[in-house]
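Listed below are the structures to be examined.
You will see two complexes here that share chain A, one where it goes with chain B and one where it goes with chain C.
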Partner chain A sequence: MYRYDEFDQSFVLERVAEFRDQVARRLSGELTEDQFKPLRLMNGVYLQLHAYMLRIAIPYGVLSSRQMRKLAHIAREYDKGYGHFTTRQNLQFNWVELARIPDLLAELAEVEMHALQTSGNCIRNVTADHFAGAAADEIVDPRPYAEILRQWSAIHPEFTYLPRKFKIAVTGAPHDRAAVQVHDIGLHAVRGPGGKTGFAVYVGGGQGRTPLIAHKVRDYLPEEDLLAYCEAILRVYNLEGRRDNKYKARIKILVHEKGKAEIAAAIEAEFAQLKGKTLNLPEADVQAISAYFAPPSLEQLAATSAALETAKAANKALERFVRHNVTAHRNAGYGVVTVSLKPIGEPPGDATAAQMEVVADVAERFSHSEIRVSHEQNLVLPHVKLDEIPALFAELAKHNLATPNAGLVTDIIACPGLDYCALANARSIPVAQRLSERFADIARQEEIGDLKIKISGCINACGHHHVGHIGLLGVDQKGKELYQITLGGSADEHTSIGEIIGPGFPTDKVVDAVEAVIDVYLGLRKGPEENFLDAYRRVGAEPFKAALYADA
Partner chain B sequence: MSKAAKPFRPVAITANDLRSGIVVFRTETGDWVKDATRAEIALDPAKAETLLAAAKLDHDRNIVVEPVAVAFDPESRLPVLLRERIRAQGPTVAIPGSV
Partner chain C sequence: MTVYDVKRRAFGEDAWSFPADDEALPQGPAAITKARFLRDRETLLARNAPLGLVLVAGETFDGIENDLNRFDLIALKFLRYADGRPYSLARLARERHGFKGKLRAIGDVLRDQITLMLRAGFDALQPTHEGTIAALRDGKIVTVDHYFQPATREEREEGGYAWRRRPA
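After this line comes the complex of A and B, so read on.
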């Protein structure tokens, strides 16, 4: 696990002290709201629909048991006993009092956490594959690179006032679990000449009101050029990105308006000035930071576990859990376990303080105290012995944390929507809950197979609806909630933006509409091996439109 | 041709408490309370303007932030729009761990 060095620790503590002073001056009236707002946003504090909301950074989704316990404590002492894990691998508390936030941040700093880079027009908290350092298909652990980018980007003086926010994602496996092609910069690790690590570089992706897939500007960027190249991209964006219109200020619009060739040339020209100078990334530095992420000492074990196989044979629920929520680990005899935060009928991504403590405890017992947060709003225990999965499953099941639905139709992503968010136009959580209840039958979920439903309560697309196999976008139509359906989106290495299928559906019809889409799929697929996305890509929108709008 | 002015709808004044951030409504006595049904309702534009001006003074005095007038139903004594009803009454989904 990465540990703060002395610089990080003193920097975070100084920021807490600085913010404590700013809050005191706001409460005394010395600072007006207009003066204070940009300061609070630089510390992750929003004023949301009901109260102040604090967004806590979980850099590249990595947490320890100690940190998770602290989050549970904060949920209980400073909030209403729960938190919301987001599609940016962060955690949001919805009900914090402004006057107590400095104390809260001081408690976070005790466990090397903070709320920096979670808001404002800066380089945001870097995200990464949630199976990093554990997945069998990984060619390189993306976390050291994400951490290097964090160190480079944190309070980078040149990039603190960008035209808009800027998001970077890194993945180290051929199968992209970090959605890199819908980020401002996506870094996809590849092996280059001589087997050396480098990155395919994508620029100008994003969701929101203008969903665009990033352009690949480099097939292979050598590791040592990572920072110089990212700095070149940021420089081009900072200088040329639009500042006249908030909605056109992201780099994706710049790339779209200027064209890939012109932007790539501008980046390369800037890079030529920077290459091989102070931003060069020496292999020794990469190795030093990688050492912080050294895997825990894992045992040499047989590839299969007799204990687990026996337990599975006697326990169908365990067998299902393993089939859906356990992914291949790079070490024989271990598994990567997804702890679903999508129990049937519950708000996606929410965890109570008690559940956080359970996860902290089981991570300590079974996963070397390591936890990951996924952008799909689940938690992950990256290093679990197959032998110990039955005991882990039994413990998780006691606390409604063993729903065997990872990757299935009820593993729904949903933004907080109009129940919590000041920007939302429609509710997301109740729709997710009703869909979850409609498809609660696990046998039916297995029959449907891999299917990603993603719900956003407004066009800002925090619920990633554009890249859902089935996406739902909530809009406000004359005071009524209406849900537009998109089909065929995907955020993996074959990224696609979903197509709007037709007029939207009112809230009391939208679950039926999704069910109709799924029934059409089940009727036309070649077999269970053809998943929803493949079937949609084969047949297109027409059969679905015909079923949804038969009466139109 | 200019658009006809929208007919006036009754409004009440809402804001967030500066210190805690919670949603509050302005009462006849000028207090800020959590209970929306205690909000003073303006039944004409002049009254709405007066109430909002008073609320803005409370903003300037660092008592509340972002005061606004929202359409209010005098019968139910609740906001008209779903968004504002959710602000007044809380999320429409259960708070995790509360049941």
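After this line comes the complex of A and C, so read on.
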């Protein structure tokens, strides 16, 4: 993985010093809260319902054991002993004290981490496929490009005060696990003429109150033009994006209002001026960054592991874990293991300091000290020998980290909601917990099959409800919490926005409603091989409406 | 009103006046709006004193690109410091249109954005915020001077990759 050099280290230490100075000016009263707000946001510090919240960047979801141990230490020393992994591959601490944040950031800098640009109207932490560098279907490793973009976007002198936040996602496999079509810029790395790396470029996707799927503006952008092209997109957006209404300020609205052809022409015209100049990306530099992401030295192994097969035959729980939480690795004899942060009845994405330390330890023992954070709020061990999965499973199970539910109905995404967030209308976490309990029976989960439930506590859609197969949106209606149900959303290479199916349900009825939807699906599917999304796309909303609103 | 000159690292008296559109132009250096320039272009260019242009965030150089070097000063106004349009305009003035005169940041100019402004090509600052004036005067601006992208100001290539820079 990427390691800071002297330049990065100096940068991050200077940034800590700058923020320390800003905090001191806030505490002394020189800065009002209003003046301080955009400064602290640029460094990941929010003022939430009960306290300041700090959002730490985990660039494209990649963590080492050493970094994870530091996060555990921070959870203990600066917070209440746990942290929350988010839908953007970041980590949030909800109970930090403002005066101590500069010290916390200095500790992060010791392990080559920061909280830069995890909030504010700037280019946010760049996200990528959480199986990058390991997945069997990968064509191009997206991490070197995500790292180059992370660097290029850091305190960009032109794009730090944009109309609104700006999110870039990169993937390099045909199956898109990074949801690139619902990002401001989505980059899908491909091999082009002569096997050279380039990108299909998508612009103007997003969720929030106006969910829109991105437009493809380039089928193939050569690698060397990556930064110049991104700069062109950002410049058009910075100058032309709306600033009169924060709800219409994202680039997706500009793209929508201008039209695809016109925005593409504006980007190309700007790009023509920037191409081949100072932003040209030299191949040698890409190679130098890529070298950091060279695969760990893995052994030549047989495709199947006799040890694992024997252990599975004797242990049904292990067999289930492997079936759901282990994904094909590109090296024979290895697997990519998902560590579920969705134990039945617990808040999605939370991890205690002790659990973080366990994951750091098992990553060291079994996965070359590498850990990934997924936007589905789970952790991933990317390089595990199949032979060693039984031992890994046993260790994870001791710490409630082996729930075999990756991709199943209880693998729910949820935003922090009204339990923490100042924007929320509804308590998404308790709904996720009750759904998880309702569907706790693993045999029933397996019968239901692949199903993504995503819950947002307000229209800002941090819980990605628009792209949930089943999405729940919490709204406030005259002081009552209601949940609106959307069906048929998806964030992969066949991205779709879920459709609102009818009036919302009160919080005490919403779990029944979701169960009714699932029962309808089970009744009409062609067979277990037809998953919920495919069935919904075949039959449409009507059968579900009929069941949910039978009495209306 | 005093103006901070980046090259001299010092505040000085402002030689420029900023008359309203319906006011007669005073003697000496005067900066005007884009609307006035477009209205009275010929007379203004014939005038025998330095001419300046004031653009407010939201306005563009459209239609006056080829006239930019007729100005000795372009002042770009930050309506609110969170409105980042002047950064793009500054870079376009310098890099695209080859503007060689003074580029001054006016309006909501605060110390925490000054490094960005300088990197985007501004070489004069007109802050009104007391803390910012004091910090500039006393050289007490705490900032980051390792950069990860080429910008407009002349800087050194350093750090091993094509996109990295340090102050010249």
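Simple rule for what comes next: the second predicted complex is superposed on the first by the 552 of 552 C-alpha atoms of A that agree within 3 Å, B and C clash if a C-alpha of one lies under 4 Å from a C-alpha of the other, contacts with A are read in each partner's own complex, and residues count from 1 in each chain.
We adopt the following convention: a contact is a pair of C-beta atoms (placed from the backbone, for glycine too) under 8 Å apart; a residue touches a chain by one contact, two chains touch by 3 or more.
None of these values were measured; they are calculated from a predicted model.
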Worksheet item: Touch check for A:Gln287: first (chain B), second (chain C), both, or neither?
Response: neither
Worksheet item: Which partner does A:Gln477 reach: the first (chain B), the second (chain C), both, or neither?
Response: neither
Worksheet item: Looking at the overlay, what does A:Thr310 touch: chain B (first), chain C (second), both, or neither?
Response: neither
Worksheet item: Which holds for A:Glu158: it touches chain B only (first), chain C only (second), both, or neither?
Response: second
Worksheet item: Quick one: chain B or chain C, who's touching more of chain A?
Response: C
Worksheet item: What is the contact status of A:Glu14 with respect to chain B (first) and chain C (second): first, second, both, or neither?
Response: second
Response to the item:
In their shared complex, chain A is touched by residues of chain C numbered 58, 60, 81-85, 87-89, 91, 96, 110, 112-113, 115-117, 119-120, 131, 142-152, 158-164
Item to complete: Name, in rising order, each residue of chain B that touches chain A in their complex.
Response: 16, 18-23, 59, 61-62, 65-66, 81-83, 86-87, 90-93, 95-98
Practice prompt. Using the touch definition up top, name the residues of chain A that touch chain B in the complex.
Written response: 26-29, 33, 47, 49-52, 80-82, 95-99, 346-347, 350-354, 418-420, 424, 427, 429-430, 433, 479, 481
Practice prompt. Please give the residue numbers of chain A that touch chain C in the complex, ascending.
Written response: 5, 7-8, 10-11, 14-15, 17-18, 20-22, 25, 30, 35, 38-39, 121, 148, 151-162, 227, 235, 238-239, 243, 273, 278-282, 285, 288-289
